[in-house]
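Please find the structures below.
Here chain A shows up in two complexes: once beside chain B, once beside chain C.
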Partner chain A sequence: MGKELLVVENLRTYIFTPRGVIRAVDGVSFTLDEEETLGLVGESGCGKSMTALSILKLYPKPQGRIVEGTIEFAGESLVEKSEKEMQRIRGKSISMIFQEPMTSLDPVFPVGEGIIEVLMVHQGLSRREAKERAIELLRMVRIPEPERRIHAYPHQLSGGMRQRVMIAQALACRPKLLIADEPTTALDVTVQAQILELIRTLKKEMKTAVLLITHDLGVVAEHCERVAVMYAGKIVEKAGVLSLFARPLHPYTRALLGALPRAESKKQRLEVIPGTVPDLLSPPPGCRFHPRCQRRIALCFAEEPPLREVEKGHEVACHLL
Partner chain B sequence: MRSIESIAETLRLLCRNRAALVGLVILGVYVFVALFPWLLAPNDPLKRDLALRYRPGFWAGKEFARFPLGTDYLGRCVLSRILWGTRTSLLVGVIAVSISTGLGMFLGLLSGYFGGWVDMVLMRVVDVLFAFPSILLAITIMAALGPGLEKAMIAIGIVYTPQMARVVRSVTLVIREMEFIEAERALGASHARIIWYHILPNTLPPVVVYATLGVAGAILDAAALGFLGLGAMPPAPEWGAMLSGSHKALTSGAWWAVAFPGLAIMTAVLGLNLLGDGMRDLLDPRLRM
Partner chain C sequence: MPPLVEVVDLRKQFVLSGNRWGEKLTVDAVSGVSLTIFQGETLGLVGETGCGKSTLARCILRLVEPTGGRVLFEGKDILSLSLRDFHPYRRRMQMVFQDPFASLNPRKTVFAILEEPLIIHGERNLRIRREKVEAIAERVGLDVRLLRNYPHEFSGGQRQRIGIARALILEPEFVVCDEPVSALDVSIRAQILNLLCDLQESLRLSYLFIAHDLSVVRYISHRVAVMYLGRIVEIAPCEELFANPLHPYTRALLAALPVPDPSRPWKRMLLEGDPPSPLRPPSGCRFHTRCPERMDICAVYPPGAFFLDPEHVVFCHLYGGWEMV
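Coming up: the complex of A and B.
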């Protein structure tokens, strides 16, 4: 494994609303090595996306704020960077692709324009050079007839094609880190597999680290080296992918795995996790999972379990262990 | 090369939209008249002859063909004055709307994009302007600036600014929240770049439509100011001023001195409205497959 590229320490991003403070990210720590893929898993509304947006400092402003913690990227502290400095990092050293390829491209410009723009802004290429490079990039993401497609408008391309354009745009400047926020959720299953395969191939070619945000554990198993499971703004379990699937320790991780369909299972019905993700305006005291946990003990109501290393490289936040 | 293709495409779509086509033809005729009035006008629009006051036009008989649409209270040729007045009226409409579009887009984009106190302050100013009836506001501004056609253009431009600012602001609010703006941010685009390259072009379809309709409104307002004697200085031919000068003619039975300038205004406004409506459909990029 390479050096540490991204170190997030005790990150707290709160959103201040008239109804109260939403603790969207509440003390999250993780590291990401160069060229590594880390999966960030959890249900909707558990703070995965907000964690990703915090790294780029794109959380909603002025309501949102990083109230505590540090984000260190390639040895530099991002929390202290000004908006201007962040603009030079975004799209160049750290890129992000979004969930909705349908709405993530500007509808009034041909898709090539976006890529050309990134190259001109960050790499100072001339229009002509940028256009040539954009065609190359479209070829790289396996878009047929890139010379012609560069002039196509977003609505003329399918969802999968648009996501390929987004990937080309994100990788145009060979970033060191690519944040993929549920990149395949809005796509068909077959296209999903193609897009994920594409991300994997390009990541190897470009030696990019990937932070893959998803709620699909199948995707994690196939594409990630390490996994962090989030619940209600906190990381509850962190482990290598093999270790996590072989020996899930946190009751929430177990429940998530129990809710997956399995080929060898004879059971007719999938298990569900009772209840819903708690309201982050007023999270439950103690362990945040206790209202839905089937193995809770008295301590879970009162005290928040810290994240502890149970075996090498496998950390869990649970009183039972 | 692509821009030629896209212009050809626009024209093709325009031809399929009947209403817009009619609007375009009407407007084309007006523009032609505005550019070359001397080719069409049968008489000198300024030449007066009190002996020929309130003469009817061609409908009264062959001997009246010299003034096809009759003469006004000073014996001037109504048709020639309408034709020469086209240039003034279109110019007033276009310039006034350019002023209001420029100012309105500036205010609307800033207000919608940045929100917060910027939005608060700008929109309260706009609210104050909104609180005046438009013609009263125009008269007030004219009172400060003094009479004259250029000043009427400025006054009407200011009067239309709040509406344009509101339209642009509301569109900006919608576009600002779209995913591609967030995607642009994630790619490192600055505020200026996002506003100028991504939000502004996306606000254009409604703005173009609104501006086209605004030209019609501005022509009407200019006519109203002219009617009140605040627009074009006599004896310059201008549609509103023609109405104002001849309104007494109605009681003396010389309807033509009022009806034809009114008809000219009505047709121009109709043409612009048809075109504006057509543009709304035309500027939707999703229709261009």
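Coming up: the complex of A and C.
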């Protein structure tokens, strides 16, 4: 294990709308070591993407704001950085790839332009050097005929190819941290396997840490070393991947795993979490999971459970433990 | 027992606008698919984007007109019927759509959405319609008090329940579910899968269940058909297919599925490349460009059916591929 690269402490990112304040991220703390892969899992609307966007300060402005907390990256505090300073960090030491590669590539420029721009801005290369390097990068993400494809427009490439371009662009400056926000959700399963495998090999080669955001527990099991489970803007459980899948402790994590159709559960009923994810405009008081929890006690209505370490490296926020 | 639905050599070709020399481009979305669905059974249909699985389903329901082949419903060839004669069959075969946001009319109340199929099929009596709507709403777990609300006031899972209620209100025997849970979160997905299973049991429904998620298909299906670029490559009983996949594509699909078990030993069989464009499908076996076990013959002749046993069919030259008629 390397030393700590990213330390997020008690992060609160709120979005101020005419309807009220959406507490998208509400007191999230986690750390990420160098060269480590941390999975951030949860259902839609639980605040996992907003957490990632907060790190790069890409949340919607001016409605969104970090109201509390600290984000420390490689010893530097990111929360106080100005927009200009953030621009120097984005794409250089922290990169991000998004779910839908079609909407995150500019349709009116050839795909190579994005990579060339990154290299010219952050590494001060000349256009010619940048182009050569971009071709190398496209070869590295295993795009066939990179000399030709560098001139292709996004719509001329398949979904898998576009995501490869995004990865090449994100890794162009060998960032220390790669944030991957549902990088394979829009892709077919055979292509998903290729892309995840690619991220895994490149991460090893470049010694990059990865924050992998996903809703797919299968992807987490195969690609992450540690996992943080989010529910309604909070982390409810944090553990090593083996420990989390072998002994899930929070009722929400257990229910999520129980809701997965598996080989063994064939023709048994799937476990169900009643109700739906709460509205973050007015989250329930106490533990946010209590309205859907099968094992709630009186305390759950009144008091919010803190995240406590119950065994080494395994933290849970639940009154039952 | 004869099958409820029998599809024989079904074909659908879409003609795209011609190029500048007046040549017409065609897409073979479905090219010669045969399968059967029995009463009370779920046939899972898996395949990647663009393999033609949704087109196949729409052809079976005659929502698009196939260009060739036959669809038999209780032995009756429904493709040869005039639309007027086909109308009574429509209420016996219904569909649940993928996107619960796009498939419900935002300007109608839930009650109006559920009532519409009854009106179309000639139910004039409002009291009977109301009774039926309330009964079906209760059956799928919708709050009857919320029937006057509009679709946008419901969550994704609730909306999918509305879609299921709309499909079931005419008491069909055969329901096509086109990726009904793909847009839903894990916890909601389990609710809907359980609901579909319960409804099948109590109403003796037959499902054609389309999905790209193999773990979902494995959970709900009795038999599974795997499709690649417009053709079926393998059909087998569910457990048999997962225990003993024969076609290299089926094997690759299974290997690519992420398994939520970190202690499982690492095994990977990665396919190269992306699925080819259905505009110019490869010659011979359509999978040969990505197949790890391709032989010379694969690029030349399309493989015939090989029956491992009467229930397990594979279309692959590795197994000899005898044409059985």
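Details
Assume the second predicted complex is superposed on the first by the 317 of 321 C-alpha atoms of A that agree within 3 Å, B and C clash if a C-alpha of one lies under 4 Å from a C-alpha of the other, contacts with A are read in each partner's own complex, and residues count from 1 in each chain.
One rule holds for everything that comes next: a contact is a pair of C-beta atoms (placed from the backbone, for glycine too) under 8 Å apart; a residue touches a chain by one contact, two chains touch by 3 or more.
Keep in mind that this is a model prediction, so the values were computed, not measured.
The superposed arrangement places chain B and chain C next to each other on chain A without a clash. Once the two complexes are overlaid on the shared chain, A:220 sits against chain C while remaining clear of chain B. Once the two complexes are laid over each other on the shared chain, residue contacts for A:124 go to neither chain B nor chain C.
Look at A:155: by the touch rule set out above, it reaches chain B but stays clear of chain C.
With both complexes placed on chain A, chain A has more residues touched by C than by the other of chain B and chain C. When the two complexes are overlaid on their common chain A, residue A:104 makes contact with chain B while staying clear of chain C. In the overlay built on the shared chain, the residue A:18 is in contact with neither chain B nor chain C.
Once the two complexes are laid over each other on the shared chain, residue contacts for A:75 go to neither chain B nor chain C.
Rounded in steps of 10, the angle chain B-chain A-chain C defined by Cα centres in the superposition reads 80°. Once chain A of one complex is fitted onto chain A of the other, the partner contacts of A:87 are limited to chain B, with no touch recorded for chain C. Of the two partner chains placed by superposition, only chain C is touched by A:193; chain B is not. Superposition on the common chain places the nearest Cα atoms of chain B and chain C 8 Å from each other. Comparing which residues of chain A touch chain B with which touch chain C, the overlap is empty.
Residues 48-49, 155, 157-158, 185-191, 193-194, 197, 212-216, 218-220, 238-239, 242, 252-253, 255-264, 266, 268, 270-271, 274-275 of chain C are the ones that touch chain A when the two sit in their complex.
Only residues 56, 58, 62, 84, 86-92, 95-96, 98, 100, 103-109, 114, 117-118, 121-122, 151, 153, 155-156, 166, 169-170 of chain A touch chain B when the two sit together in their complex. Residues 43-44, 158-161, 188-194, 196-197, 215-222, 241-242, 245-246, 255-263, 265-266, 269-273, 276-277 of chain A are the ones that touch chain C when the two sit in their complex. Listing the residues of chain B that touch chain A in their complex gives 2, 116, 178-180, 182-190, 193, 197-198, 201-202, 204, 285-286, 288-289.
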